[in-house]
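Following this message is one structure expressed as structure tokens.
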Amino acid sequence: MNFSFKGRDIISIKDFSRDEIDYICNVATSMKDLYEGKVPRPLNGEILASLFYEPSTRTRLSFESAMIKLGGNVIGFSDPTWSSAVKGENLSDSIRCIQSYCDVMVIRHKLEGSSKVASEIANVPIICGGSGTKEHPTQALLDMTTIKSEFKEIDGLKIALAGDLKYGRTVKSLAYALSLYDVELFFVSPSLLKVRSEVLKSLDDAKIKYTELENVDDIIDKVDVVYATRIQKERFPDEAEYKQVSGSYKFDVNLMKKAKEHMVLMHPLPRVDEITFEVDELPSAIYFKQAYYGVLTRMALLGLVLGKVK
Amino acid sequence: MNFSFKGRDIISIKDFSRDEIDYICNVATSMKDLYEGKVPRPLNGEILASLFYEPSTRTRLSFESAMIKLGGNVIGFSDPTWSSAVKGENLSDSIRCIQSYCDVMVIRHKLEGSSKVASEIANVPIICGGSGTKEHPTQALLDMTTIKSEFKEIDGLKIALAGDLKYGRTVKSLAYALSLYDVELFFVSPSLLKVRSEVLKSLDDAKIKYTELENVDDIIDKVDVVYATRIQKERFPDEAEYKQVSGSYKFDVNLMKKAKEHMVLMHPLPRVDEITFEVDELPSAIYFKQAYYGVLTRMALLGLVLGKVK
Amino acid sequence: MNFSFKGRDIISIKDFSRDEIDYICNVATSMKDLYEGKVPRPLNGEILASLFYEPSTRTRLSFESAMIKLGGNVIGFSDPTWSSAVKGENLSDSIRCIQSYCDVMVIRHKLEGSSKVASEIANVPIICGGSGTKEHPTQALLDMTTIKSEFKEIDGLKIALAGDLKYGRTVKSLAYALSLYDVELFFVSPSLLKVRSEVLKSLDDAKIKYTELENVDDIIDKVDVVYATRIQKERFPDEAEYKQVSGSYKFDVNLMKKAKEHMVLMHPLPRVDEITFEVDELPSAIYFKQAYYGVLTRMALLGLVLGKVK
């Protein structure tokens, strides 16, 4: 199947069908030679405006690397306190000007729906680089590329999502994307941080089998993928409770020994202490490899929306 | 006529003759194909040092976009608190070092005359990106490109400058540039923010007909161009007075209905609330198009001072 | 002699032999045509990640200019407060992700040994851009390129290092590099800021003749090179003492008149007031020329570790 993504905005994972996600993952995988510089770069002077109103290292640098590897260039900012935001300018006016300076924009902004608003205004494609607490579509797409690259087929996999399932925006987007496939899901979290009911409802609608549980130990030997996320201290009323709870989500070498041989451990990063450093050395620890798939996936997305990659 | 701008500094609009301004506007217009990427880019590895000691989004990104569209590259900073400025280095020493890292510099600095000082020291062309409250020459040049593109001829136009005529640095530069043409000017402002006498004196010297008035309603039906500017709350002794005054400079759809059909409304941006959002949809609202002409004009300037564009 | 620097990390000047330093200086000098854009650029889309966790203008822009002049591109940050550092991420995890976004990294970080740690983790070459108070290897290499370009031979030179010899990290690295040659050194500093005994010990081991003294006047007529450094006010218990001491290290035109005709005055910059502005005009003042040699040297290093320059 062949899709035209030219001119399209990347705002929410929910805008994508299963076929489209498959297509993007395949294009991402096909970017490997371009990533290595082995084939001519398809862009020539096109400009990505990289507009980060909120702190980010990984997402921002990943997009910028992807744009350059395609042959393009980058302008932008990573610190809104030194932009016209301090003069009281609203986001819409900024977007309407900046669209004259670029061919595509990636935006991270704390306001829910900011990327959506930008996409309705702008005459260039808008990519959401993380918007409020709800959406991070390119993270979900790179996670899908990672899983697909590791297992070839997503159908049939048993996947655990662990940690902060309530506030982590990556979990929501990933659960939605996975619900388009024939998977079984396990939500592992302290009761305070259980996955939101709207996510479960959408899984029910999609007839996805899932289980909620509190201890990763109960499930580590049954799943193909564990997707761990950071548990933030500030979510807990007192530190004692945090310590008690976070202990039950710590991935160490002993826990990992109980896993299936082919199981992979993913994490959107940054981690705090939910995965010990010893685990990094295991072949099943692929969270740093996700960064590599992130560049491939963003190369695919930028190339597709600019109409320069197929 | 053909001018050699190679190696020239762009410090003040007053350094330019009418013929030179015409020439720059024409070169800017001829940049359209290059902007679209339809012709080969004339630069090859040349570097713009983009040195913003004061906050800016539009001007900085506009210059960076222009340099990249010419085929060049950009280094620089947009936040002096993380530069050697914190180690107490003076501007002159910074310029003398940075000139080894680049082929052309754009500087925004709060000190009056800082670009001039830089131009006397540096062995590469210096472009003022806004200096203190007095000069913003590339804004004036892009405004001239905009007017010229909309009307073909500037001679014969009736042009109103409205809002903060006392503190806005764009007004001063633009009034000077327009005084080289056969125009009639209208200065519309609250009495607290009237245009400075030195500007009027230079218009007298140039035998330009002008009128000062307080209410935009009195001339909206007579002019070809209205150039609105932001009225800053902090200029007024108390907020009540600000509100009363700012109301008489609000451009809304009703006010715009009174204008000549071909009238255009310009604004250097950012706006606060002097133009309502409904006005954005009118064809006469060209303030976002100015951003596009800004890139063309800065492409022209960068290409000219580097001797790579004619 | 021909060395393979491909894939090598640049962490400490002590990792280099005399032959290697000679080689790097020669490659740096051979970069002049490429700096001028007269020969094809050897890189094609390679990416430098420029990671400055501490403020810098000169070093950062110098590296970025060098990468672009080679034909490469740059991503990065100059302000860690807007990076994932604020989310509590450790340096190792950042490096393991960012290595997927780039082909080479330059890192400045306040922690001693941070570049070393990075080099042990990363699968791309790491260049130290200044690490804590101890190392600044590329500054030492550019200083060596400067001296070599001015004098052809380093053997036989009499070189004075003046100012803050205790805390200045450039002095330590440069003294080590010079100890590989047949030079005579003079350490000129207030007693509070005398060169550390470990530096003297390494000179003893290398059988380098050296003298410690307090007044630059005693030595200015005997040396070929003076390398001045900034004396920081905050090193002194009270300001009176600072003023008294700093006066004896002020390079003014009168002092410079006593120097040998061919003597050169170097400084790593930024200066505060240890060199008067009048001195800038003397042909012996080459501290701004060092910035130029800095680009050549960093072009050489980046090209060498990427295996694209010989």
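Think of it as A, B and C in the order they're written, each chain with its own count starting at 1.
Following the convention adopted for this analysis, a contact is a pair of C-beta atoms (placed from the backbone, for glycine too) under 8 Å apart; a residue touches a chain by one contact, two chains touch by 3 or more.
All figures in this text were calculated on a predicted structure; none of them were measured in a lab.
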Give me the superposition rotation angle from chain A to chain C, based on Cα atoms, as a multiple of 5 degrees. 120
Pick same or different for copies chain B and chain C, depending on whether their interface residues overlap by over half. different
Separation of chain B from chain C, taking each centre as the mean of its C-alpha atoms, in whole Å: 40
Touching at least 2 other chains, the residues of chain B are 73, 79
Taking the complex as given, what residues does chain A use to touch chain C? 37, 41, 52, 55-58, 61-62, 64-65, 68-69, 71, 73-74, 78-79, 269-272, 277, 280, 288, 291-292, 294-295
Per the touch rule above, chain C residues touching chain A in the complex are 44-47, 49, 73, 75-77, 79, 81-89, 92-94, 96-98, 100-102
